[in-house]
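Look for chain A in each of the two complexes below; its partner is chain B in the first and chain C in the second.
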Partner chain A sequence: MDTNTILIGLAGVLAAAAPVLFAVLGETITERAGIINLSMNGSILLSAMGGFAIAQLTGSLMLGFLGGMLIGALVALIVAFSSITLHQSQVAVGFVLALAGRDLSYFLGVPYMNSSGPVLQGLPIPFLKDIPVLGVLLFRQNLITYISYILIFLVWLWIFRTRPGLMLRGIGERPAAAYVRGANVNLMRYVYTIIGGAFIGLAGPAFTLNVKAGWMGTQTGLDGIGWIALSITIFGGWNPIRAAFGAYLFSFLQWLGLVLQSQLPGVPTQVLQVAPFPLMILTLLLVNISDAEWVARILATLPEGARRFTIKLLRTLRASPPASLGVPFESE
Partner chain B sequence: MKKNSWINVGFQVGALVVALLITTLLLVAAGAPPLKAYASIISGAFGSSNNIENILITWSPLLLTTAGVLITFSAGLWNIGIEGQMTLGAIFATGVLRALQNTQLPPALIIILGILAGVIGGALWAALAGALKTFGGVNEIFGGLGLNFVSTALTIYLVFGPWKRPGVGSMSGTQPFDEKLWLPSLPHTELSLWALGISLLVIIAVYFMLRGTHLGLRLKAVGKNSKAAFLMGVPTWQYSMFAFLLCGAFAGLSGAIQVTSVYHRLLPNISNGYGFLGLLVAMLINYQALWAAPIAFFFAAVNIGSVQLQIQYKLDSSFAGVLQDLLVLLVLLGEGARQRFIKKG
Partner chain C sequence: MDVELRDIDKTFGAVHANVGINLKVPAGTIQGLLGENGAGKSTLMKILSGFIRADAGEILLDGHPVIIHSPADAIQHGVGMLHQDPLDIPPMRVIDNFILGRKGGLTIGHAAAERDYKRLAEEFSFSIDPDSYVDALTVGERQQLEILRLIWLGAKALIFDEPTTGISAAQKVKLFTALRLLASQGKTILFVSHKLEDVEGLCSRVAVLRQGILVGEAKQPYTTKNLVEMMFGKEISVGARDPCAGDGKTNLSLRDLSVEDYRLKVQNVSLEVCCGEVIGLAGMEGSGQGLFLRSVAGLVRTVGGHIFLNDTDLTGHSYHAFKRLGAAFLPAARLEEGLATGMSLTEHIVLAEEAHGFFIDWDKGRELTRKRIADFNIHGTPASPVESLSGGNQQRALLALLREPLSLLLLEHPTRGLDIESTIYIWSKLKDRCREGTCILFISSDLEEILQYSDRVLVFFSGKVTKPLESKSLSIEKLGELIGGKGWPESTSGKSK
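Right, the complex of A and B next:
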């Protein structure tokens, strides 16, 4: 393979990661506010089917993407309502919605199966596209991919560099303290869950109108992507930039699987496609392991130099969830 | 007290009615005459003895996965990895049957060994999720999901790689076993009374274990308040681990039964969503083992009946899933509404 082929392949990795990125950013925002939206897998499939159907019926890509976001927001609203207002388990409701969204998308998607619809076209940026290496890699993409780059930094800025972002972290970490400081915790949780849901819903059409154009029912190959996005959110330690790294890593590994396929004809494609998962589990383990008691005991027995190095390493990898993630808040 | 229980029933009936209302609207939206569609589901489920046999064949694995998750739910664990545990059960069972099929051992012994291997395989896979949770701090939902994907990859690797059919591997699975290695079934069907009997025994055993034994009580104590249970001298993590192992064993058993009595080979996607369906059943019955058997039967009937929809109206058979999911969702919402708006008596 020559350099240009590799560059084009890597540009494809960035484009393919965009839908996952939207979902991961949406879930990050939601979980920062203290709510787990476990419905992602169903939400993405339903918005993928719905967004494609709307775009096909109206001929408008814009409406397709907006429709997907609306579907994601509505699913998130159910999660928010049942957990915040009705005090039901977020995990239970989210899990059921994950299945319901998937089954609904297959049931309602039959008329749109295997039909052609509009597809987002490339939008190379003048001048920037001619920069060597970076031009091919970053600036010959389409609008949705550019939006994905920008959103990473916008979400990061919002969470870590603005006042409302500080409040957002507050309602996820110590809602009682945020409440005392004047935050309407439950209202904000509603708002962020719905906004996060709209991001998640953007992931669907970003597949079916873009990187995996069309709706093919169970053959669309999107089932499972929401569960992956959920793992990446944790891998990302609730930080948009680290989460983006996770999404790109996942996309890269899938591409690598395809490339290796031609080198290793003996291994079935499907195996290489799922190769990232063991790695994902391993990273989840590394992210969490420094909290375990036995690790501290082993660390204590190590010689000084090795101990310091390991502790430093574990601390870099470590990610703690927002302290009140999944915990309902009552003001009285 | 009497009045309250009537209100409970009212909310549950309300949830059922709303769920049916929504599915009816969905049928209309999909262009099918709703009443005829429901009638075709019912006749598809109970119209012939063949259909009823199919329901019973579906009932058995669903009973086992429901029994399994009732135990993990009691211990406060969300064993979403049950799909993978079922798959590993199927893989282990297939492995043993393949290894022993050309030996002189009596076929009955080979089948029993295969099923036992399945039980062990499921338990080991569950132990992995349990160990990740206990020693690695990885939430069982995320560990379990990851392990589900790994188990699928493993199955596909085996079906297309080392265990492929003579010639070329295909999605239709491994080479079917010789008929002497099939779990005995009723003539002309895949319905094995052995499989059904074992599954019913398991759910009954789980019911009594959770209801009246020391073990069950302690499991529930760990689930309700693990700190308090720990302070009262219950070895908490050992009980969590035990719940994982037992649930995995039942899931593995159901995977092994799929191999030995239904498909007679290893297929990609052999767990067929029964693990997730078991989670739904457990949620719908509010974790009360008493109702597991009838509700699992109802779910199985909906699954089998919906196949007719596909044949008669060209609708996707995922309608069964839609109906089940909405029912559980509305029961959860109804329960929330009841607690919120009706004062507890």
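Right, the complex of A and C next:
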């Protein structure tokens, strides 16, 4: 393989990661507020089918994407209403929605199966596209892929560099403390769950109108993506940039699997297909290694400078969930 | 700011928590609010700070009636509250906690906030690094952060709910200095406590609540007898110190015990404890006493030395081995570590009893529970979930769960957060155990408790441990100095052989 083929392949990795990325960013926002949106898998399939159908009927890609976001937001609204207002279990409701959404999408999607619809066209950015290496990699993509890069930084900026983002973290960690600091905890939980849901809903059309255009029912190849996004959210430690890294890593490993398959015919394809998952589990273990007592013991023996550095490093690596994740809040 | 409460009334179900309370606090005063657990102090302060709405009555600030809808609204009016368990966000940095809740633009504005933070911290002589994480701070430091934050938000009246619980003696001194400074600046301080000593030492005026009623007010100088009478309706005497009830037989023997975690090393502690003896472990929070106590329970692995219980070497064994030989450990965090939230008293009692057979005889369990409830004077029913009990009753429930007989009882802060009546009751039960031959090791930050109930005392200071000291030969002043790191002979350092 020559360099250019690899570069184009990697550019494909970035583009193919967009749906997972949207879902992961949406879930990250939602969980930062303390709500688990477990419906993702169903929500993505439903928005993938819905977005494709709308784009095909109206001939407008824009409406297709917006429709997908609306569907994601509506599913999220059900999660929010049942957990925040009705105090039902987020896990139970989310799980049922995940199953229902999937079956509903297969059922409602029958008329649109295997029909051709609009596809998002490439949009190379003038000048930037001619930068060696980076040009091919980053700037000869299409609009939705560019949006996916930008969203990573916007979400990160919002969570870690703005006042409302600081409050969002507070709401997820300790809602009572956020409440005494003036936050309308339950309203904000609604808002972030719905916005997160819209992001998740963007994942569907990003797939059916871009990555692998068209709706092919159970053959769409999208089932399971929601569960993967859920684990990447955890892997990402509720940090958009780390989560993005996880999404790209996952997409890269999948691509590698395809490439290696042709290079190593002796290895069963299943091995390469499932390889990303144990790798993710291993990384998760490494990330939380600082919780182990023996690590603390080793740390204590290090000289002061090295110890400080290592503690800081481990602290940055660590990923603990928002403390009130899944816990309802009452102001009294 | 002048704070006035008029005819405040609040009921929760069948409980009349506040009965027509009137209280006037002029600006610049440190007003004490005394009362035992459940007297209605917290309810009253939650009404003032916007957590709950009164059924009737009004709040006047500087003479103007106000309606406070929420804690954030209270701050707008200049009323801030520090909770017993500081309401901050532990995984965040100090400076982020400081900023959070302050109105401002879209950006956080760390630089400006940090300047203000440092200026305020200097004013109050607090020294907490704004970049450190709150979960690494002590409760005392978290309180200091909350004070700075509320002042920055413009609080003119500050409510402190049991602020001296769980903080070290040095931090208490710092807190009191800060409170006096605040009062001298014209701020109104409401100091809620059930600790007479603290209230007498700090407050210029005191109001006493009992069963939801404001039973009386007093001004400095106070007579303790009078305050106690108001609190309890009768005077309670704190009994004289009991001498060692032991028969001289050695029960627990520690030889050159060393234990460490990543912060602290406690080295070469040797101690012989006889049956019925009580050993108090004193020291600032985190000086090594907690680690030491847990190692004697088999909960933390020792790195050197031996532990003998009834002449059996238990070094390196787990808590279960200790338990089989009659040791028991009662943690300070009652609900988190000691009891199983969501389970009833009966379920606890059945779980704690020796198991017979596969199926549970609930009738027998309930009967046993009723007996224990009566024995230990627990205010609750066999079906009460443990979290519905008050702190004192939870502690009694924990004692009721202990098996008979015990040879060693290890307690962390056995009476923390309890009122005098409960404290005396708990200790009378513990003393009963001593008479049966149980030896007790307990941690407390209450010096009077240490001196009153221990036969001998070990003082901890950043991992160093004194030789066992006869409590008869100690005074509060002497103990306080040792805890603060003064008067340590070089040789008592754990490091010497």
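The working rule: the second predicted complex is superposed on the first by the 295 of 332 C-alpha atoms of A that agree within 3 Å, B and C clash if a C-alpha of one lies under 4 Å from a C-alpha of the other, contacts with A are read in each partner's own complex, and residues count from 1 in each chain.
Simple rule for what comes next: contacts are C-beta pairs under 8 Å (C-beta built on N, C-alpha and C of every residue); 3 or more make two chains touch, one makes a residue touch a chain.
Just so it is clear, the model here is predicted, and its values are computed rather than measured.
A.B. asks: Between chain B and chain C, whom does A:288 touch in the aligned arrangement: first, second, both, or neither?
C.D. replies: So A:288 only meets chain B here.
A.B. asks: So, A:93: does it touch chain B (first), chain C (second), both, or neither?
C.D. replies: first
A.B. asks: Using the touch definition from the top, say if A:296 reaches chain B (first), chain C (second), both or neither.
C.D. replies: second
A.B. asks: More residues of chain A in touch with chain C or with chain B?
C.D. replies: Touching more of chain A: B.
A.B. asks: Just checking: does A:104 make contact with chain B only, chain C only, both, or neither of them? Give me first, second, both or neither.
C.D. replies: Touch partner of A:104: chain B, not chain C.
A.B. asks: Let me test your reading of the model: by the given contact rule, A:163 touches which partner, first (chain B), second (chain C), both or neither?
C.D. replies: second
A.B. asks: Quick one: classify A:173 as touching chain B (first), chain C (second), both or neither.
C.D. replies: second
A.B. asks: Answer with first, second, both or neither: which of chain B and chain C does A:186 touch in the superposed model?
C.D. replies: neither
A.B. asks: Given the touch rule stated above, what does A:141 touch, chain B (first), chain C (second), both, or neither?
C.D. replies: A:141 sits against neither chain B nor chain C.
A.B. asks: Would you mind listing the overlap between the chain B footprint and the chain C footprint on chain A?
C.D. replies: On chain A, no residue contacts both chain B in one structure and chain C in the other.
A.B. asks: State the interface residues of chain A toward chain C in the complex, per the touch definition above.
C.D. replies: 161-164, 166-167, 169-170, 173-174, 176-183, 296-297, 299-300, 320, 323, 331-332
A.B. asks: Would you pull the chain C residues touching chain A in the complex into a rising list?
C.D. replies: Interface residues on the chain C side: 51-52, 70-72, 75, 81, 87-92, 96, 99-101, 103-108, 260-263.
A.B. asks: Enumerate the contact residues on chain B facing chain A in the complex.
C.D. replies: Per the stated touch rule, the residues are 26, 29-30, 78, 80, 132, 135-139, 141-143, 145-150, 152-153, 156-157, 160-161, 169, 268, 276, 279-280, 283, 314-316, 318-322, 325-326, 328-329, 332-333, 335-337, 339-340.
A.B. asks: Note which residues of chain A are touching chain B in the complex, please.
C.D. replies: Chain A residues touching chain B: 38, 78, 82, 85-89, 91-93, 95-97, 99-100, 102-104, 106-110, 217, 224, 227, 230-231, 234, 266-268, 270-271, 273-275, 277-278, 280-281, 284-285, 288-289, 291-292, 294.
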